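As written, the chain order gives the labels A, B, C, D, E and F, with residue 1 at the start of each chain.
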């Protein structure tokens, strides 16, 4: 896998942090992105709380998943750092980022392969 | 006649119900459009009601219901700003004049709301607001005057056919006028981007069915309220209104089932509305068995009209023409067939009075032609001046975000 | 008696409200099913209303309300096709006969709609339509005749118990009949695929709550309209109807809170409906304090019935039995306990008249047994002939797409 | 006076309509919150109605409407448990006493429901239920007594200003009381987590618009029902109510269009509600032209109040204060300006009676100060005892899942 | 690609099997997951049926898509087996599982790279 | 990475082009697919327009995301071409296609690994 292989960043974040993440990415020059609603749980298996003497576990919490394809692993690492800064609250549930290799990328409008 | 308190009680309720219908139409239409235009579609119905109501108390009521001026084209100005419209009985009725004006106001409001079907998902808000004022003043008010306000039409048709056309609750004034105006506006404004190329599936059918339920409910106020009293005539109107809705729902539903193997809920709901439309002019003149026939015929005819519209590729988007225009025309005609003297004092073809049928047809055609023509011209006028349609980009993005700054359903949280 | 215009005004509004309820029930039920069956669920309510209404004017009204024939099993045919049903006062009332027929029509419509709970998410449309006609003719119409039309039941029960059972607005005719018929049909049609194995979460709770709001609103027409006049009796009925709904909502809500730590909105809404159901037979006979007890008892009893149903794994899917059947039975019985002579002319147990309680119980049990048995047989008949249930594949895909060709919420745009 | 059957017919319908409004407010509010709190938001309106109604028949009605005790602070206990409230005419009216109590009950119910705006998305269910009982008993009931029940306020204000304040349908009792109480509670309960940091977009605008439609419809019962008769006064109230709603919708809509380039449907709907609120005290005293001014002024003032609230970062979340508080205050004052002797027997500033204006202002301010202060104290009391707000974690998860154990929209199927 | 490279499991399953799958994974120690609603068709192009004499093809059926990132390919294969056992009905439409390589994984809360 | 390694095609397209894309793929023998609703913006950061004298930027536009796993990179490239032809309008916003490597693929119904 050579350095200039494009990479896809998949970031699962808190919905309320999305605007901040988007803004931070934009300032760093990463404007393109795809986003959708997901649900998830991490290693804590969601949140457990006591309500009126009953234990309640809420397992699947709403999150947003961002996908951003960038031209290189360096870019991906940089963007990941930016996302982490903007999305962090320090509390459980802040989410994860995964970097996925991309073999090829195309732009539909022009039909060309892009880096 | 003094004030009839029971009639007043019923008309207070009826007026509220017709206002509710108008807002409810927003949900009926709103569920049928794409997600990006639902707010705009509902807003058009709210705005129709608001704009027309203000126009109505300033000028609309007097143009529609004051004694003739301009040779019976409209009423004179004696009721402008609701001057002389107070708590004393409205002429010829037992309800307060101001209540009569309010009840009729709701009719004017819904008529405009119906025709927003024509330019759904692409109309410019400014253009619509201008058109709203022009249309209600130059189309609705005159037509209401001709049919209900003692205008020229009645005596003219009587001279020609020997009978006076009747329209119990607005088959002609409301439904033919709005339906054929919608047809005209659809021609002016043109198809939606992509119409004919890809599907435009309704984005929220339950929302449309909520609208249908409100329409059905409100229609009792519309039709049975038009008796202007809490009497046997109102009771008959209520019964036949309901029966026609049921027959329309079943006829459209079963026909589409036979043809396609599936019975869409939108077909059931549209059939109910078609039945309601068609019984509107007849509600005070026909009995329940005729109502079955009228409702069933309307379900079939409007279904055929809708299929025809799709076949010819006409984007009168939410079918005001196919349902209200065609259903209203059919109802006006069938009133002339099934009217029973014992019920509403008017005899139709079946009781040996072909003149009434002729009067119904002539009256309906005149209104249809007037509404279509004047609306077409008004549509052109607005389009050439402030513009009746948004840009391609705006249409692509959706009216909700562009014109209203809103997204109907939130994203993220 | 001549026409009472004020009574007519109120009954016009009431009839509209009961029709609205019937459609509203579709939203109540529709929100509870899975996304793939919401259109079908709402459509069943629209179709119930349409089918029953047409049947009603042809044959249902006369079977229910004409003078006895067949030993008081049904009414004779004098009102078939609404013959002799016109604007003159309905026997013993001050409202036009045609309005009385329309008001009662809406009751017949909603009763069928309630029992669609039994086979939600799996019923075949054709089977349902056949069952609809059979059921309303062979179950609803006779029962209505027995309880309200002067049929055999009243005098029989009187002979046995010494008192005549009363049912103000349909606790027995509407709710016991539909609730226990739903139970029978649930047994005939069997569980939904996967019932007991995985959850069936309601797909849209706000939609259900919209339905609940419409039901609550319409129920005032249902109960207070059943006074057939705009008088103190109607006023009392309205008050106790509301109070029972409130007490039912709180009782179910608080009980589930105590038991589970959470107070589901569906519990609040179902409790309100339970209270409304239970007060229905009593509304003209009891006062507001009794209404608190009746409503609260209904909330608790119906919550228990629902829990029991789930425990035994019975898929009477949307709880017509637990809420309408059990609530109606409870209401019929408690009417015999709390009836006050000063309010509706009937004394109950508390006023020292145990015969009335006995009459209530016996009347309710007879209707319950008849409805359950005949419905079970009709269900089998339909199932063995045209089929009452769709195939496994159809059920898996969902009724909306298979039977209606529609998706409730669009995908993509 | 005996029973007026027509008045009774109209009030039966009106009461049903006001109950429907209260439930409808749940949808109005429910669409504005985030997806995770919609069930809870709707449930608060259902519970408000249920709790207040039970309180009402036990103690609320008598505190509000029985003859003075405690120097006119509240009514005495003669109507406790609805003792002595039966089918005979309510004092000074033609409708059954029990119907009058029911009609007023619905007003008490909606007033509490309105103020749930203050703590939307963060209120603890237990705290709310306790507050509900305290608030309706210690704030609503006294205020209703002062303004409508013959309490001290009228004669006090008359002594000071020379005129008696009037409040046709509850501008002061319902809207000022709930709006300023909401303001107090918002201060007690504090902002939502994240308020001011990120957006809280409404999760379902069509749901809010359904609520708006129900409010608009029900308001006819609210205002025209307050005439307590089916007469010219009711007719006038209905007309001006509708016109003010239309003017408010257009004024808010056009102002926001001018300012932002977009005309939000929520602005149109909120403007309509603002107009409805402001016309409420005036509906029996002013004519349709004044209604245009009142409605338009309310649209503008409430829009400004909402913008101000956002600017200062106050999380009175669903704008009971900006719309009901400010609109009610404006309406109370403008009633003193525009009242016409010929319409409701009261002359305002324009007819040369500045005393009436002074009386309106003083009456409104007293109620405003009382409601704000006592509610603030009650809020603190509840917060310090059982707690008025959920924990941060509960708020983060959403009230629906935590308190109601429900998800509004299903996931998966 | 070395053995301890993390792997993303993407599983497309029947919605009604989700609870069972989640439970099975949990028992095996895989608690974290992300899930969202998708639609799909497999090689059968959905389901065809005959209704009232009309042939109907329902092409896009609702499915749930699960995503689980695990530290190694061995883990991924094990989790895939577990999912398959729990999600299987044996009838067409049971779904597919794909294993996707992950270059790097981060935990937003801590900002650290995780295996 | 050998040639017969399966590949996942991820295509982000305009919603209104979905039917056309689906049809074209089907004609070429690619019937299986998974699809879901996403939102996104490209390098243009969405669409900016002037409305009533106010500048409006709509950033996140609704798109559909298709995922198709095919047995080889050749297949993937072929399918990508087909998608691009069908999805193209030539205007900004036509979308992107990314090819992602797949380590393994399973069929849940049979439990077998598929190419």
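Keep this in mind: contacts are C-beta pairs under 8 Å (C-beta built on N, C-alpha and C of every residue); 3 or more make two chains touch, one makes a residue touch a chain.
Since this is a predicted model, take the numbers as computed values, not measurements.
Among the remaining chains, those touching subunit D and also subunit F are A, B, C, E.
More contacting C-beta pairs link the chains of A-D than the other of the two pairs A-D and A-C.
Subunit C and subunit D have Cα centroids separated by 34 Å. For the pair subunit B and subunit F, the distance between mean C-alpha positions equals 45 Å. As a whole-number value, the distance joining the C-alpha centres of subunit C and subunit F reads 51 Å.
Counting partners per residue, subunit A has 16, 36-37, 39, 51-52, 56, 60, 62, 100-101 as the residues that reach two or more other chains. Listed for subunit B are residues 5-6, 9-10, 13, 17, 35-36, 204, 210, 230, 257, 260-262, 402-403, 411-413, each touching two or more other chains. With chains as nodes and touching pairs as edges, the resulting graph is complete, every pair of chains being joined. Those residues of subunit D that touch subunit A in the shared complex are 35-36, 126, 194, 197-199, 391, 393-394, 396-397, 401-403, 405, 411. By the touch criterion given at the top, residues 7, 11-13, 36-43, 45, 59-60, 63, 65, 73, 76-77, 80-81, 83-84, 87-101 of subunit A touch subunit E in their complex. By the touch criterion given at the top, residues 51-54, 56 of subunit F touch subunit D in their complex.
Against subunit C, the residues of subunit F that register as touching in their complex are 15-16, 18, 37, 62, 64. Note for the complex: subunit F touches subunit E at residues 6, 8, 22, 26, 31-36, 69, 100-109, 111, 114.
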